[in-house]
Structures are given as C-alpha cells and as structure tokens.
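Listed after this line are the structures, all set down as structure tokens.
Same chain, two partners: chain A is paired with chain B first, then with chain C.
This part shows the complex of A and B:
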C-alpha cells in the first residue's frame, strides 16, 4: 500500500496466475471430520476446506475507552461495567483464499467480527465477569466456503476450553442457494458453490436450549418459505455436528486433567 | 513467581533451566509441510510452544524498474493478539516490523533463492512471492521459528509453468505443470539470550526473553558461512563468546538440516 512504512514493500500491483490459466480443473477437497487441537483457551477446527484457529484471552480488566468496532448492545439499561464485555476479532490469513488477501480486509472482516460477537454474547454468562473483557480472536487459515460458520463453532469451543461459563455451545452452519434453474439450498457449500450462489445464510444454533443465537443471510432467496426451509436445514446440520463437538470437548477436558500438575 | 530473576538465577547456577533444559539445548522442534491447500507453499513449525505458520502465495507483477531481471520476495511477519496478550490487533507493531525486516535481510544476504530465477520476461513480468508468517503461539524465539518456517515453505512451493505468447504478448499459465523452486542455500537461525551480561542461553522462552539483558541471533548456511547477525542493543559480548555462539549455530544447522531432509524425503511426490 502506498506510504505504509511498517511493512516490507513489494510491487504496486500483482495478479494471481490463475487469471491466465487455460481452464480451471479444481476437484473439491475430500471432507475431513471436524478435528480439534485443544490448548489453553483455544480451538482449531478443520471441516473439509475451512481451517480456523480461535483463541480466547481473558477475562481481564476491561479498558475504559472504545476499542474497535464491537461495542456492547445499544440502548442497554444496566451500565456496561456490571457485565462482562466480549470483543471479537476476525481475520483471514493472506494465503487463505485463491487470491492473496491484503491486510486489513476492512468492511467484510469487521462485519463478520460483529456477527461473531452478536452470536456469542447470548451464550456466555457475561454477568459473571463484571468489569472484565473477553477477547476472542478468530483466524481463518484456509477458506473453503461459509466463512462465518466454522469460526463461530471454533469460537464457542475456545470459550469452553478457556473455562468461561456458558449456557450452551454455539454451532454454526452455512448454507447457500444455487442460482436458477435448479434453486436448491446446499448445506456447507464449497468455495465454488458459494461464489456462484444466489443467496447465502449462516445459522448459529444453541443445540441443547434449541435457541437461535445468530442469523446472517443475504441475497435473492426466493419466497419466504424457501428461507424457512433453509433455516430448518441449517438447524438439522447444527444438531448433527453437536455430538462431535461434545466428544472433542470431553476429550480435551480429560487431556487437560491428565496433564495438570498435582 | 514473585522474584522471577532470582528464581532463574538459582537454576542458572546449576547450569540448567526451570523447564529442565541445559543452557545449550533447544526445545523439541517439529515441522509440517504443505498443509494449507490454498497456498502455493506452506509449512508449520513448532519450537516447544512457539508455533509459526508460513503460507506463500505466488502472483505476477512487473519487475522493479531498477532491476528488470529480478522478481520479488515479500516477507511479512504477523504478531496478533491470537499468539500473545502483549499484541494488539491493527497495523504491525514494533516487534512484528523488526521480525519482518530480519526475514527480509536473511533472504537477501543468504541468497536463498536467486531473484533472477523469478523473472519470466525481463522488464515485463516476474513472480512475486508473498511469504506470510503468522505466529499462532508466542513462547519466545520467534526469529528462529520464522526462518525455519520460511525455508520449509519455500522448499514446498511449486510454481506453474509460464510462457509468453509471442503474438498477443500475454502470459499463458499451465496449472497442470508445476516445478519446485531452486533453493540455493539453507539458512538456519539460532537465537541466544544474555543473562546478567555474561551467561548465554540458547532458544529462550518468552519469560527468559523478558528477563534477559540482551539477545543475539546468528544465521548460518550449510557451508558454515555467516549470513546474518542480529544483535539489537543489550549487553555487550566479548569476541570469544561470539565465537562460541557461532559454533553452536553450526551444530544447530546440522540438526535442522537433518530434520528437514527427513520431512521432505517422507513426502510423497505429487
């Protein structure tokens, strides 16, 4: 970027070689079951294409001033100091997509960070951490479609790993609607399917409480029944993922208990 | 610990450290190559708890006007709140800038790849290798981990064949035919921390880096040649101590080279 003396300079402009290639023959990657590498307050999730690492720092002393775009809900009655704050940060690694992504991503990353925060707030018992803040950092190492669903799930697991009190885990699921002439809702779309989609939807569900923590959708989805059907599909997907997350959390707890001193 | 420095001194008197290592011992090093499908080359290096991932993306760009036969290698080290409490999100802070410049110096001085190899058409088209190093967990000794991750990722990079069409003067890329980069040298970094102006310990953890009175990083290549020496202030060192550091760096190079050869031999050819 012009005038950015904090980074090593490359050329002014560069293009990916794929623009000059004769036909693209990319086969979709085989799906891996979600695999997690537990550590203190962190979670790593791999779901076929998307690879996400999420870390939770805190709770620690809340800062007085504004920090980034994610602030507590507007029009809240109780003073912010009485309840904990959740600060979410969403970043894409520069090598995560097909095109090199130049930091900072600006609008999209902020929007996704805000969506993350809105979905995680109902799940954490923030009232138990007065005057404290929890920082959730999500890093997308490899994009494979549904950029919000995998980080949501990873963030919930990271919060559980950090022993933050929560009402339930949040599971995220991404959907996209293929364009006409065969408009059907596809669960967990790949990058290619998402690029060609007419509409996209991400649902965040709390499986045990059966409550929706977050919903983000955009595009031309057709009649309202079609959106309702998509949500139902999404909820089913979340419920199917939940046992895997439960198993991993339990394994992580065992592993942590075994390696703890005394 | 209430008095961390005193606590450390007690261990150093017995020639060992709280985590059980000797003064000249490195933490367990693991390396994993090629795990990021979207990158043209990638690697993950773990030095104890310090974890660095390197992803390389290759794009086309115009060569610099003062060197029309050369391509670019653009490193960038990212230290975010994800890896340590100390860092804030936003533009690169001081430590990240220092690390990025260090990696750029290592690439330049060691001639790990010849920038002329990256040129496709003199003055018009060259490869630009964006090397993004993201620290996933900071427990000291970032520079060694980054250098190793960069080297392993560069060895993993495969570039497609490019030809320039004579008539249209446009580049034609054949994604099905890929070849590895020509890696000419293998620079390996060895970092030391200086305690109380006299004692040198190798591969410091984050806590040791905080308590140290100075740090030193030596980069050697396989022929025992010094590529880079990084000593940002701190306590002075005598000539003989510096010589000891270089000998340790030479031994470390052999350890790292052996590990890397094992990893690359075990990878199935595509």
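This part shows the complex of A and C:
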C-alpha cells in the first residue's frame, strides 16, 4: 500500500511547550529573519509565533495538457496559448496548535490554500511558462497569529529561491481588531489576541510596485474608516518587513555561490 | 558497515572558499536594476514605471547595452543540436515522452528513431504496436535535439548509431549551466571509462565498450557483468563529478580528468567529504589555470 505522505507522523499525545515554560508576559517575540534552505525552491520563516515551511516544485509539465495533432510539427502554436498554472496546498502540522490537529482539517485548509493561490497568481509571470505548472505547498509548523500572512511571505521567498520569474516579492501582514470598548487595530497579533479579536484582516502587498495582491478579512463590520485605517497599517507593516526579506534572499544567493562558474 | 558522523558545523559561503574578489550584483524579484533607459532588457527583467526591474533572483550581467539577470537555478532550455540524456516517462501513440530536466516534457517521435539494423523505411502500424519493445518507461536514452517548439518543448531524434538506449552505467544529475558546450559530448577517458555529458545536466558514466561497431544501433543493452576495476573507476569518476558540481565548476572532459587524477591519493568514499572535496577541486582549478597559460 503506498505510504500516506500527507500526514505527519507525530506522537498520539502531544502537549504544547507553553505548559512547561515559566510564565512570561505577552512581550512580542524577537523576529527571526527568514532562513532559506539550500534546497530546490524552499523557504522557512519564523515570525515570532508562526513557523512556516514552504516548498516550490516546478515549473513542470502540466497534467492533462491538450494533445493537439499539430504538436508533431515544430514551430506550431499551441492551441489557445496557455499560461502556466499555480497549484497551492496548505497544511497544518498536528503539533502546530494547542490541541492536536487531525489532518485533513476540512474547509479551513482549503480556504487558506485558495487564498494563497489568489494572492500568488498576480505575482508570478505565469505567461512565461506556457503549459507548465508550479506547485506551492505550505506547512504550518507552529501557529501564532495570522495563519495566512506568514505562509504568503514564505511562499514568495520559496518562489524566489526556485528562480521563478516574478514581478515582485509579496509580503503578508496580519491584523486584528480587539473587541469593544477599545477597538484598536493590532499589527501581527499573537494567538491570544487573535482569539479574542472581533475582526481580522490579512493584507498581501507587492512593496516595490505598491500593488495589493490579496486581501482577506473577516469578523464584525464596524465603520469603513476603521477598515481603511487597518489597510493602511497593514501596508506600512509590509513595507517594514520588505528589507528583511530582500536581505535574506540576497544572502542566500551569496551563500550558494551566485557568481558564474569558472 | 562503518558509518561516519559529524557534528553540525557552520558552512562557509561558497564564494569565500573560492576566493573570488569580484562582487556580483545580486538581485531579488522587484529590485530596481537601473533607472537609465538607454539599456536593452534581456532575460529576467521587465520594464515598470520607467525603470528596469528584475524578475528572477540571480546576478546581473551586462554586455554593452544589454542587461539581463542570470538566474541561480535554471531548467534546461533546449537548443537545436544539443546532446541530451533523458529518461522515458510515457509511451504514447507514435511517440515517447522523455524527461530531460526541462520545463516541459521532451518528445521523441517514432519517425525520429532509427530502426534496428539501420533500415530506412516508413514506419508502419506494426512498428507502432512494437514501440514498447524498443523503449519502455524508465529506459535511459541519449539523443540529439532536432527542433524546439514555440512554447519551449523539445523534440529529440536518435538518427545516428551513437545515440540510443543506454546500458549499464551511472547517471549523475547536475545543473544544466555547469556543462560546457563543446564540439563533442561523448568522451572516452584514458582512465578506463567513457562519459556522455548531456547539455541538460544529466551525465552518464559507463564502461568503455570493447567493440565499437554496433549493428543494432543502440538497441541491445549490454548486460554482461562489469569487472571490479572498471566499477571502481566509474565510482571514482562519479564522485569527482559530484564534487566539481558542488563547487560550481564547469564540467568538460579536461576538468573531469584532472579531478580524477587529483583524487587518486584518496579513497573513493573519502572524496565526498567537504574538506577533501575542496582540496581536490582547488588542485584541479590550479592545473586548469596553468594549462590555459
């Protein structure tokens, strides 16, 4: 029987390490710069709470491609010149949250995978890869706030690592609004703040082109100005994160010996 | 079985160990390369808001007025006349699908394949039914690129007796950018083995066949047992190629040969250790520089 490679083999009983930690305050954890692995198209991101591992495979031949008869002759245009496809997969490790998470987690994982795909599609120059497909798979190893922002950033870094043509890097930023009586928008909320929040928003921005790649919000309504303010806060957060990503990407290229071979 | 284990150690960046002084301009997608509009844009760049922006992660190369970004990792992009080594993935009607480390699967048409005995005739329906008898899924072949389709897919042919199914040997997969373009890619090395340097990064090391004339045209795989001495030579060559690829050195017959000779004092399994790898490659580089003058 083929092995089930979608599940992660973890112990049946697992406790979160917070139980054993000496009681600390809610101080924001120091941000670790993204660590790129020297593998084909992968990125590991630790942003205080959330820890994400993202891998990119491809570009490869798209499955179920059209087999027209004219393909036998050289120089023939493929019927309806297709651009490349992006397939996103989002998974949560069983040990990522407070309680053991059983895969597949149903709707949430699929929804986040769709959101990931929608945000990454405008970024990649998929027109340069006709009939090819790119597979992006994100694995959330530790939860700690916005479940979409960290995988988005990690996916962008993994795509850059795989040397896929892109217009720009995407940076994801999560926000949440605390419930009344102090409805203030918090940038990069911790897990506790997010659980108590009245509304949440994830912003995906392309910092250089200053274009929004994706926007995912949920929660109570509230005045529109508060949402606009949240978006502006989110953009600011993304712009602040961008230099870190740029530096890590260049450093990884340097490590791999980016100079031309002798 | 004896195992060797080591503690984790911080790696040095590759360019430091290679001692390169020139600092390459490394960019990330979205980085501005230049705001000067006098340049022509090449691969890996695009024009946005009157400035030239990079679209891949890599190093910037400038040739006179042309700016392009050379990506760190590439898939193989076919050119007409390249020699490739590929693996059959599918058998379809009148053609085989070959995997050659490129973006799209390559295609080997039945009409581009030479028949046993070198016959020249129109391929009939019986030939189509007997396709699996020639090449099955999982076979390795060496072929030449005949044509490139508009979307980048490559069409192969094996219309010469030197191409065809590969028999016993070792396959090494490296990056396509490391294989140097030369007049011939089939080499018989004096150390006692032969090597095929595929432009797509697949390198095939095999024992030198005694009889050069092959009437079958590359169909019959030679399954006779290979002697221990030959197998040792092939393993050593394979480790040398892997160490050259790790140190990002161009692969061609001279560099592989020098690396083989530099590795002779060491045991075959020691060649893959990082310090010994660096030492061997350093010596190889030295000899190559001396040879160039």
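We take it that the second predicted complex is superposed on the first by the 200 of 262 C-alpha atoms of A that agree within 3 Å, B and C clash if a C-alpha of one lies under 4 Å from a C-alpha of the other, contacts with A are read in each partner's own complex, and residues count from 1 in each chain.
Methods note: a contact is a pair of C-beta atoms (placed from the backbone, for glycine too) under 8 Å apart; a residue touches a chain by one contact, two chains touch by 3 or more.
It should be emphasised that the depicted structure is a prediction, and the values quoted were computed from it without experimental measurement.
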First, second, both or neither for A:59, with chain B first and chain C second: second
Which superposed partner A:143 touches (first chain B, second chain C, both, neither): first
Which superposed partner A:130 touches (first chain B, second chain C, both, neither): second
Partner chain(s) touched by A:95 [first = chain B, second = chain C, both, neither]: first
Touching partner for A:180 - first (chain B), second (chain C), both, neither: neither
Chain B versus chain C as contact partner of A:168, first or second or both or neither: second
Doubly contacted residues of chain A, that is, touched by chain B and again by chain C: 60
Sites on chain A touched by chain C in the complex: 40-41, 58-61, 67, 71-72, 74-78, 81, 125, 129-132, 160-169, 206-209, 245-246, 249-250, 253-262
Chain A - residues contacting chain B, complex: 4, 6-18, 20-22, 24-25, 29, 39, 49, 51, 53, 55, 57, 60, 68, 89, 91, 93-98, 100, 103-104, 135, 137, 139, 141-143
Residues of chain B that touch chain A when the two form their complex: 36-39, 42, 53, 55-62, 64, 72, 74-76, 78, 80-83, 85, 89-92, 97, 100-101, 104, 128, 130, 132, 134, 136-137, 160, 162, 170-176
Chain C to chain A touching residues, read off their complex: 11, 13-15, 18, 20, 22, 24, 26-32, 44, 46, 48-49, 53, 55-59, 61, 70-75, 92, 94-95, 103-105, 107, 109, 146-153, 155, 177-178, 247-250, 285, 288
